[in-house]
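A short write-up of the structure that comes next.
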Amino acid sequence: MNLEHLPQIPRFCGFSYDYDEADWVIFGTPYDSTTSFRPGTRFGPERMRVESWGLESYSPYQDRDLVDLKVHDAGDLELPFGNPERALDILEIYTMGVLEDDKQPVMIGGEHLLTLATVHALSRKYPDLELIHLDAHTDLRTEYLGERLSHANVIRLISEFIEPQKIHSFGIRSGLKEEFEFARANMDFHPFSVKGMGKALEHLKESQVPIYLTLDLDVLDPSVFPGTGTPEPGGPDLRELLAELLGLRGLNFVGFDLMELSPPWDESGISTAAAAKLLRELLLVAVG
Amino acid sequence: MNLEHLPQIPRFCGFSYDYDEADWVIFGTPYDSTTSFRPGTRFGPERMRVESWGLESYSPYQDRDLVDLKVHDAGDLELPFGNPERALDILEIYTMGVLEDDKQPVMIGGEHLLTLATVHALSRKYPDLELIHLDAHTDLRTEYLGERLSHANVIRLISEFIEPQKIHSFGIRSGLKEEFEFARANMDFHPFSVKGMGKALEHLKESQVPIYLTLDLDVLDPSVFPGTGTPEPGGPDLRELLAELLGLRGLNFVGFDLMELSPPWDESGISTAAAAKLLRELLLVAVG
Amino acid sequence: MNLEHLPQIPRFCGFSYDYDEADWVIFGTPYDSTTSFRPGTRFGPERMRVESWGLESYSPYQDRDLVDLKVHDAGDLELPFGNPERALDILEIYTMGVLEDDKQPVMIGGEHLLTLATVHALSRKYPDLELIHLDAHTDLRTEYLGERLSHANVIRLISEFIEPQKIHSFGIRSGLKEEFEFARANMDFHPFSVKGMGKALEHLKESQVPIYLTLDLDVLDPSVFPGTGTPEPGGPDLRELLAELLGLRGLNFVGFDLMELSPPWDESGISTAAAAKLLRELLLVAVG
Amino acid sequence: MNLEHLPQIPRFCGFSYDYDEADWVIFGTPYDSTTSFRPGTRFGPERMRVESWGLESYSPYQDRDLVDLKVHDAGDLELPFGNPERALDILEIYTMGVLEDDKQPVMIGGEHLLTLATVHALSRKYPDLELIHLDAHTDLRTEYLGERLSHANVIRLISEFIEPQKIHSFGIRSGLKEEFEFARANMDFHPFSVKGMGKALEHLKESQVPIYLTLDLDVLDPSVFPGTGTPEPGGPDLRELLAELLGLRGLNFVGFDLMELSPPWDESGISTAAAAKLLRELLLVAVG
Amino acid sequence: MNLEHLPQIPRFCGFSYDYDEADWVIFGTPYDSTTSFRPGTRFGPERMRVESWGLESYSPYQDRDLVDLKVHDAGDLELPFGNPERALDILEIYTMGVLEDDKQPVMIGGEHLLTLATVHALSRKYPDLELIHLDAHTDLRTEYLGERLSHANVIRLISEFIEPQKIHSFGIRSGLKEEFEFARANMDFHPFSVKGMGKALEHLKESQVPIYLTLDLDVLDPSVFPGTGTPEPGGPDLRELLAELLGLRGLNFVGFDLMELSPPWDESGISTAAAAKLLRELLLVAVG
Amino acid sequence: MNLEHLPQIPRFCGFSYDYDEADWVIFGTPYDSTTSFRPGTRFGPERMRVESWGLESYSPYQDRDLVDLKVHDAGDLELPFGNPERALDILEIYTMGVLEDDKQPVMIGGEHLLTLATVHALSRKYPDLELIHLDAHTDLRTEYLGERLSHANVIRLISEFIEPQKIHSFGIRSGLKEEFEFARANMDFHPFSVKGMGKALEHLKESQVPIYLTLDLDVLDPSVFPGTGTPEPGGPDLRELLAELLGLRGLNFVGFDLMELSPPWDESGISTAAAAKLLRELLLVAVG
């Protein structure tokens, strides 16, 4: 058929580049098996793919347009519920494949534990990788309910192969006393707020050290972002967060993720709208 | 990349055939512009595509499996809200393209008005086409709120090019006095119930006349199928409807549709689950 | 019967003046036929009428009370779904009737396209009419999905009979690149924020030029106002908006509207509460 | 103004007769102050008024049309929360006013306790009044949480002025052991089912004794009618109930009510649709 | 304090016996880590505990009362998300403790996989244990997404230590072709319906063989029981299921469970109400 | 049994002290019988008890931990719906019992009227008691819908036994003209905002006068706290409120309450999360 109007399968932001043409690859990781409180992030990628239809590709904040980027939407990985170790293996192998093809990964979660695999893959290619970590929770436990692999200790696990002082945490307002003490003693730790993030990371622009940004969306205040597993009141609103993220332009991004969108707790859809908008802005910031 | 686990974009029932290989083509029509009561069927195709993931491909009722059918999922048509005439044109042209390529169409709505375009396209290829119409509403108005094109008069419009006695209606339990009088006088009209449908249509198996089945899902009782624009209590449950549909095997189906799934009114997802199951069973019945 | 306690039909804010006694006429326009993303504003007027029961008539912000205003609640117009042209005609004729009776209109939407008809009617009576436009979206497309009449280009259509520089836009944060360029070049355009609106419009108090204010409620941040068709994160909260609206007292208002409340996406009712409160404050500001 | 299209305030089923012209008067009683489990029936009348818009006035079951009945929608009574005694007084006085004007009352609840006042008023005008009682619950407690006035003992209170054997109960499937014993010993008691109701009450057609029917909508199975305060699984579906209600035509109805619709638990709207349909059918049965 | 009115913590059905006095022990297992489609059964026990408040302790079906049973509510087990093996270990050890204390276990799930641990513990004490299995799904896979431990193969795993012909399955209507073939060849398999269950198991009353009943609540039709992870339309309604369960009185029950209630998909609460009612009836049937 | 993993009944924040050991006693008051707009606060205590599971016991704001406090969770009082007078009696007697045992009460509502009983009990023990009152509404009516006992006049009733100038009100933004006049004339009244509360109450730290704090949670903006009966837009967000509450440390608290959480309007759970977090912070502030 050769018609003007043909049916189409929805893609993130309408991205239409093939894998081979693309510089960046977006993929979804619908997985929430270790979520301890309210599950549902497994539905995050699907919801964002559909809702990104309601988003303009043009950013008036940056005066740039997504149509100018070469991005491929690969779809969603199928990960085995109830076996986090194997899920992480599958994800790490896939991410390494993307990197070997000289493309940069953008992951849409899914629970935060998954960031472990993506960052591990990246740290093998980029040994001097540094991590920007936005979150409401420390994620620094040494174990959680007796388990080593959990959304509640993903950053602690990452700190085993990225030196803690290369982990730059912002917005954190919940955790154990021990976690706060560890963070304050060892990491580049900016609790309670995201204000001043741009400034605090300015020096990383000069060094052009490779950067991965992991955005646990629950860093946003629950009024702005109710749709997440463990809402923690007292965070920044979207304007505060967006202003700081725009300040990161110029960093040498080699990948990033948006994690913990949980559509079942997002009846009104405002969390998904916020996530989709942040995806657009981060892509325009990161691709540079 | 050549990995075992690769991300995938969701398709109806996981159908993976390309357009060229397929005998049947499924497409979505996310459109509800003339819906008078509760809009939302525009989200029907997307929801069914995602939720069909939860459905087994094997039917224990028919002891047959969808994996044995050659079906292509073409995605969703983009139709202009606020202009039903142009929407119908786009849909009719697309359907004709499918038919010209010697494939049979399966439409996932979307509002019932759209059936007008699909049936019109089919009736040009199959001049002796007959229509099986399952619905809670007569859809036989001559106008609705002053408009000729409306979900409330789609069957009346079809009756202008398919003789009313070739329209076989079942399950109808709501309408104007005039509509019931018209139906009783002119059509093959079986109000209130779907019981006996299989038997009543048995003669069409011998003649092998081409058949289009339009399933307005609101024919089901709202307890089974709350997710629709105008719920009309007092309909059959799924077991009653399914039993009758299985009895249609052997008819010469040239196309069919499932219309009026409205996910915003289906919080629990049971309507979508019912629609997906009926899609599987109808495919296995129709493809024969 | 002559009893103390008699049943009553709910009216906006309990307004009890007859049409003939009233200076201002409120009416609902339950219509969302061109809504492209999430329909539902058709339920806006009904919801606001009911929920305004929960609102005090006294404004502590202005130290004034609605009971001192002569307002009539006319009910809701019935507009034909699927035919925007005729809907606009019906609305324009009705608005002209209100104006001919020397009353001022207050419209409760419904989708933003409807503002076209009301403003057109007003501009015939008040040729020097100026427009205050609060919105998250530019609404300046020249067409949308091939259609000329759409919520996405209502301001562009209005700019054909009100000079663009007489259109004062605030809060806009989403649109095409071309729309932002048009707005910046031709209109009195204040994107991203509503801050300073009172000040920016101060000169209109002296000239006492007739003013219509169209409030697309999605100008509010989705955290405050989730219940709308296309939520756009990053807007003002209620305190910011209210402070600016209070600053408009003294302008020569000849009508206003509150559009795009969509109750199906407002489970918690906070959007409706915000809309009802803004209706009260705007009435007290506008009637003066 | 003298226009074709004018705004209108919604009324039950679009009833447009004035009070003076009408034979029957519908009024709402938004009250649920003694509800012990899940409150929300206070929103019942408003929801039914709005949703009855989606209902045809023609009943294909009875081949009759509501437009042929003289019914007035009086609106909703305002009853004081937290003071059941005074609420009952206000309601009883209003009902007596309706009866004195030679009109018959139709009440839309609200909680079932309110039936006490309406039946009391009627029993004063009709000393030989008999009661048809459809319910999932016995409502025969002598007190509830220490209170004499409660939705849980309304029938027991009525049995103090209508002899128990003149109370015909159907569908009941929940209560205390003592309540079932009282009912079995003293009333015309048909637990678990509504089947055979028409037949069991046939003799009342001959005597033409005045009848009040109180329909606690929770008699329906929760699958059909989830929107109620105390859902009790195991009841009839709508077809079963409707068939029995149609069999009551010919009784001398002097009033009836539909109680316990609780919209907050009716996300999908199917309960409201069922209630509106039953209102239509009962009106056509009762007015005769 | 020695007051009449003291605060109380909610318990299942208000059970107030201490562990030592009780013959039966109810406990919750809030766990859904291998759930593949829609998680949420982790909230089942908590919801049932609260909602059982709305349930009478008296069963008019059996003319018996829960207050006459010695039951202890032990609360909920905390099980580690993401590690099914350890979760099963903890549960099995706890169940063995209950059995050693000569009490019988009643488990409220949680996902169906957990039944594996409870049945395993029971089979060690009762080597001739037989299993009654009510379900919509076969649960007979040999693996699921590569995992051995999954809700989708719990019955297959049980069949490794209870001979398949001692597993009596009813109501199943979804699965793979291989699963249906295995079931038909090896088990006491009654697909599609629960009708006749009482009769089919009559012989087990004579032998007084020890019986465990596992009730996957999704065996009910989704209209009756929407609140579950994988709704499968076409099942029995509550009256059908209840009638069959009542027919099981006289069997030698040594334990039972109610699994797969998922409150997030049960907005209206009707699933929880059904589950609570079935718990009451099963207790009265089982305790005998 | 003597196992590591035993089931447990959920308690507020996991508090495990017995009544006798405790210094503070938390109890729930599930009651909303006089609520005039949207009922549902009766579900507040149960929801908070469950959701407090998701909250860390450690406060990074105060660097203190709940595990160091001696708090007993007594459960919920059962109060008779429809009889506010008796409900208040039961509550006052219970509170006096707590005080006589030299423990301090923490009440989780339930509607605001209940504060009347608790404060009355406290004022008998502490004749110089002063009240800190955070609210969106004045609650100063002399009657409401003809009733003296109502959530809308609780503070007026309290002002009959605590001198108005000892009532310190913050955040109020809704009420009648007369209420605002009464408050301004007689009370320590700080409308519209909570800013500066800490400072304004600084002098009470020196005098160490006994303080009861009543937190009507609707003082928060509905974006932060949608789950309440009468949402009033324009309030503080959580960060603003929390900062002021932290400033109250050092006051001589003898009790406090958190009222008006209404879970049915809190689909996303963010209101419950905010309430639980405020409970933790207030406990750590009050216990000192």
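A, B, C, D, E and F label the chains in the order they appear, each numbered from 1.
In this section, a residue touches a chain if its C-beta (ideal position, glycine included) is under 8 Å from a C-beta of that chain, and two chains touch if they have at least 3 such contacts.
As the structure is a computational prediction, the values presented were derived from the model and not from experiment.
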| item | value |
| --- | --- |
| Remotest chain, subunit B as reference, centres from CA atoms | F |
| Residue-number overlap at the subunit B/subunit D interface, same or different (half cut) | different |
| Chain of greatest Cα-centre distance to subunit E | C |
| Averaged-CA centre spacing for the pair subunit F and subunit B, given as whole angstrom | 55 |
| Inter-chain centre distance, subunit A versus subunit C - centres from mean C-alpha coordinates, in Å | 38 |
| Rounded Å distance, subunit C centre to subunit D centre (Cα mean) | 40 |
| Of all residues in subunit E, the ones touching two or more other chains | 78, 221, 223, 267-268 |
| Topology of the chain contact graph, where touching chains are joined (line, ring, star, complete, other) | other |
| All chain pairs that touch each other | A-B, A-C, A-E, A-F, B-C, B-D, B-E, C-D, C-F, D-E, D-F, E-F |
| List of subunit A residues in touch with subunit B within their complex | 1, 3, 5-11, 27-28, 46, 50, 73-78, 90, 93-94, 97-98, 100-101 |
| Residue ranges of subunit D touching subunit B (in the complex, touch as defined) | 53-54, 56, 58, 60-61, 63, 65, 221, 223-224, 237-239, 242, 267-270, 273-274, 277 |
| Of all residues in subunit E, those that touch subunit B in their complex | 37-38, 173-177, 180, 191-192, 221-223, 226-227, 230-234, 265-268 |
| Complex contact set, residues of subunit A against subunit E | 32-36, 39-40, 42, 78, 80-84, 86, 145-147, 149-150, 264 |
